[in-house]
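Below, each structure is written out as structure tokens.
Two complexes are shown next, each including chain A; its partner changes from chain B in the first to chain C in the second.
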Partner chain A sequence: MLRIRPFLRPMILLAPLLMFLGLAYVLPFAGVVGWSVTLPEPGVQNYSAALSDPLILSVFWRTLRICAIVTVISVTMGYMLALLWVRGSPLVRTLTELCILIPFWISVLTRAFGWLALLSSRGLLNSWLEGLGIIDDPLRLVRNEFGVIVGMAHFMIPFAVFPIASAMRSVDERVLMAARGMGASRTRIFTRVFVPMTATGIMGAALLVFVFAIGFFITPAILGGGRSVMVAELIYLRIFQSPDWGLAAAVSVILMVAISALLALLLKQLSPKDAK
Partner chain B sequence: MIHLRPGRLATFVAILIGIFMLLPLLAVVPVSFTPKRFLSLPDGELSLRHYRTLIEDRDWIVGIWLSLRIGVLSAGLATALATFFSLGIWMFRPRFAGLLMGIALLPMVAPPVVSALTLYFFLITLAGYNDIVAYDTMLGVVLAHTVMILPFAVVLVSVSLARVDRRMDMAARAMGAGLGARVFRVILPNIKFGVIASFFLTFVLSWEEIAVTIFITSVEAVTLPRLMWQGLRDNIDPAIAAISVVLIVIVAAAVVGRAVWTAARER
Partner chain C sequence: MTTNTRAAEIGVSSIGKDFGSFTALDSISLTIGRGEFLTLLGPSGSGKTTFLMLLAGFEIPTRGTMTLDGAPMTDVPAEKRGFGMVFQGYALFPHMTVSQNIAFPLQLQKRSASQIRARVAEIIEMVGLGGHAHKRPNALSGGQQQRVALARALACEPPVMLLDEPFSALDKNLRGQMQDEVRRLHRETGTTFVFVTHDQSEALALSSRVAIFEAGKLQQLAPPREVYERPENRFVAEFLGDINLLPLSNPTRDGEMLTGQFGGRTLRAPGHEDGHTLAIRPEYMRLGHSAPDSGNAIPATVIDLTYLGADTRIDLTGPDGTAITLTHPTDDLPPGIAPGSDIWASWPEQKGFLL
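Take a look at the complex of A and B:
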């Protein structure tokens, strides 16, 4: 019978996953970092190019702008949905849940395709408006930034709903009743008591959506139609269409660093504030 | 007990948002019945030709079958690795448990496109040594999907472990059970629903994985999402509408079924 030293025993259970991720993920990421400083020749020129080339800077800027807009829309709409999901009557709660969970479980491709079917020039909306004689030429609703924002917000709303709903569920009902008892109007209770009490949920949702949106790839690629390229699609294009692997790797490393910083902020936001 | 319900205006706005959420899913339905070969609305005549494509066209059958096999293999592998890892953390509470957990969750928090490039590097490096587990092969996709879905399996199994009573494991240990007996006879039977749920969720995630799959496949290992992606990028193929309707009906049936089931149980 094999004797194993006590402190090594956990490793029997832990090692398979750690070795697998180490070999298939951590080492290859080091390889990508290696690409970023060796291709096409050794040096940091890829990083200086990524941070000075006006074309790439415009992609970074567009990504930040689209993500900020998507975050505001998703959190606002998510808040309204969460309100009904948590505080509606039982029937309303069930119906709201369906509106959140059915899209949530459907793949990103199907959802992007749904928006194409609805908004493209031969899509439902344009056919309907033309049929009614309201417009003569189809409206351009996809293959531009508008389409990207609509599709991304639609994808992100369920992710915004979950943290907000969990903050709403932990609101103490008696505080609201106290405000009511002291004569506050419904609007005032909502804006001055309820919203501040769910502020951590709003912040958590906003950071989560923003972090998700920045690395997002599929919806912008399909609904943007190559016209409003975001940073993730830029990496794809620089690997497969106009190859510049070193630059793609450098942009990936920059993206990874930016996301890590945002996630550190998210963790700080979510951790209990007991250390003063 | 909730006393203050949302007002009429809030309810009205939220209903509009709810419609917004379902609209693109409903828009797919009429398009899927078009008799034409391009994305269009059926005018008068309805046709099932695009549904027939799904069960007759070789590409679609191959794609669906490939995605099923990849899903089962990678969900099985991920769930097994994640179960042992979570057990190790739970039973031994090693030093640096937080750090180890952080490593395990890395592929979930990193931007998908960075993971995709990383796995692309991994698989083309492997392709230099063999052509079974490599770029654009089924087993290569299985490994890459396993990396991407592992964190979700770790989260689900760890959550169900957190509900297990530690004293049960301590009793087994005090009565002389070895590591194997503690894991397989005591703890695993108590978390079997968590393990099954983890397999199911990771299967769904692999089944619909596309961001990484685009990077690591080209013409050989064409999964169902990859096939849909190709159809969406070029000339939009209405067969995508048909497969979308099928997938939406399955999801909607599952979600509604679960809602009805919980409502019936609460009564």
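Take a look at the complex of A and C:
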């Protein structure tokens, strides 16, 4: 019989996953880092180029701006949905649960095309509005930041719901009762007690959505129509169209570092706090 | 005792509460006097919390009416009653400091910032939380959190304080300390207190009257001494500590006393209407090597002695194999008793009662 030290035993169970992660993520990423400092010649010129090229910087800024707006929208709407899901009547709860879960069955691509069909200049919404005589010329709802934000927020809202709902479930009903017994109005209980007590859920949801949104590719590519390029699409363009692999690799590494930093923050935020 | 002008009187008349087809409370009527300390005592699931929730206004009664100082209260919502409430598990605001917790109800009353500061400081001093004002609840011990809950409930000088098993999570020493504290707060504020517990000794120690609940029914409402020494029924007698029950045969009424036979002995106890079981608390019984000249006495055999410090508990078998327990001052034990000894257990006639 093969003798294995006890502390190594969990490794047997973890090994397939570690090997997969190594082959699928760590190795390729090491390769990307390699490219970023060797292509077309050794040095850090790709990083200085990435951080000084006004075009690339503008893409970074747009990415940050879109992600921030998407985060605010998703967390706000996610909060409202979580409220219905956790505190609604049984019927409302079931319906909300369906609304939260159904989007998970539909692929990103399908959803992006769905929005395109709905929002494009000859899409459903514009046709209706024109048919009703409310507008004369079609509204520009896609192929711009607006379209990207709508599509991304739609995708992210269900993800925002889960951490918020879990924070809401852990709120002790008696604390709310206590506030009511002191004469606090419903609004007051909500703003002064309920929202602060679910703040960790809000923070968690915000970081989750933001980190997720930074790497979005399909939704901005389709709904932005090349006019509202985000970082992931920029990398794609630099690899398959320019081609400028060294620069694309440097931008990837910068993106990766930013996301890792945010994830570290997220984990720190979500880990149980010690008593101060 | 200080008389508090804000202390209120509550009238409860034929209150009932159903949850679906289950009757949690059945036709409760009582009056809670101004400045009284009323304890609701009963086993788990007897409806104590439900009754407190009805008083607080968090639950609406299915039947019956309530009054506050004579005015109808049944339909007044919790937020309009202005009662102070201490919940089981404290229910403090976890995101606020101690002083913010206490200030919260005061802010709702639109008092000025300086008034609030003064009142918070005063009440923090009163419950002995000086030096902890800027801590969050999760940085406090159980007893300290309990004090914050008391302080927060008392901050607005409520006409009625409602407390639901406030000390159930505390260890025995701390419990005693907090009981003294609550008694002192009751004395100092003069407010009407309604206190839920399932701990008999806590109920007897704290209250001016005890209301004993069982299965949604009010079994007895009387001062501690009366519920302990003159329980109205067997449930109350057995719930409030150990008791010996001796069934009497051939009961005959003899003025204020009832006389009957038990194990060949004639026993007497102050008469009740139709109870034929003589009940006697273990601490009123004494042991001796012969039957005393007066009072009740029965022969018994010692089964076991348990040393408890000042007292010793003795388990006996009496006539007909009846199990009898008594607690005897250790100092006064007759010499030479051991398991197997034959002995007499006696008690004054006035200390027994009939159920």
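We take it that the second predicted complex is superposed on the first by the 253 of 276 C-alpha atoms of A that agree within 3 Å, B and C clash if a C-alpha of one lies under 4 Å from a C-alpha of the other, contacts with A are read in each partner's own complex, and residues count from 1 in each chain.
One rule holds in what follows: contacts are C-beta pairs under 8 Å (C-beta built on N, C-alpha and C of every residue); 3 or more make two chains touch, one makes a residue touch a chain.
Predicted, not measured: the structure shown is a model, and the values here were computed from it.
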| item | value |
| --- | --- |
| Touching partner for A:L139 - first (chain B), second (chain C), both, neither | neither |
| Partner chain in contact with A:L237 - chain B first, chain C second, else both or neither | neither |
| Larger contact residue set on chain A - chain B or chain C | B |
| First, second, both or neither for A:S252, with chain B first and chain C second | first |
| Contacts of A:A49 with chain B and chain C, given as first, second, both or neither | neither |
| Chain B versus chain C as contact partner of A:R180, first or second or both or neither | both |
| First, second, both or neither for A:L129, with chain B first and chain C second | neither |
| Partner chain(s) touched by A:V72 [first = chain B, second = chain C, both, neither] | neither |
| Contacts of A:W35 with chain B and chain C, given as first, second, both or neither | first |
| Which of chain B and chain C A:G114 touches, first, second, both or neither | first |
| Touching both chain B and chain C, residues of chain A | 177, 180 |
| Complex contact set, residues of chain A against chain B | 9-14, 16-18, 20-21, 24-29, 31-32, 35, 77, 80-81, 83-84, 87-89, 92, 94-103, 105-118, 120, 122-124, 127, 154, 157, 173, 176-177, 180, 186, 189, 211, 214-218, 221-222, 231-232, 235-236, 239, 248-249, 252, 255-256, 259, 263 |
| Parts of chain C lying in touch with chain A, wherever the complex brings them together | 56-58, 78-83, 85, 87-89, 91-95, 104-105, 108-109, 135-136, 138-139, 152, 156 |
| For the chain A and chain C complex, residues of the former touching the latter | 172, 174-175, 177-185, 188, 192-193, 196-197, 199, 275-276 |
| Contact footprint of chain A on chain B as seen in their complex | 1-7, 10-11, 13-14, 17-28, 30-31, 38-41, 81-82, 84-85, 87-89, 91-92, 94, 100, 103-104, 106-107, 109-122, 125, 143-144, 146-147, 150, 154, 179, 183, 204, 208, 210-211, 214-215, 225, 228-229, 232-233, 236, 240-241, 244, 247-248, 251-252, 254-256, 259, 263 |
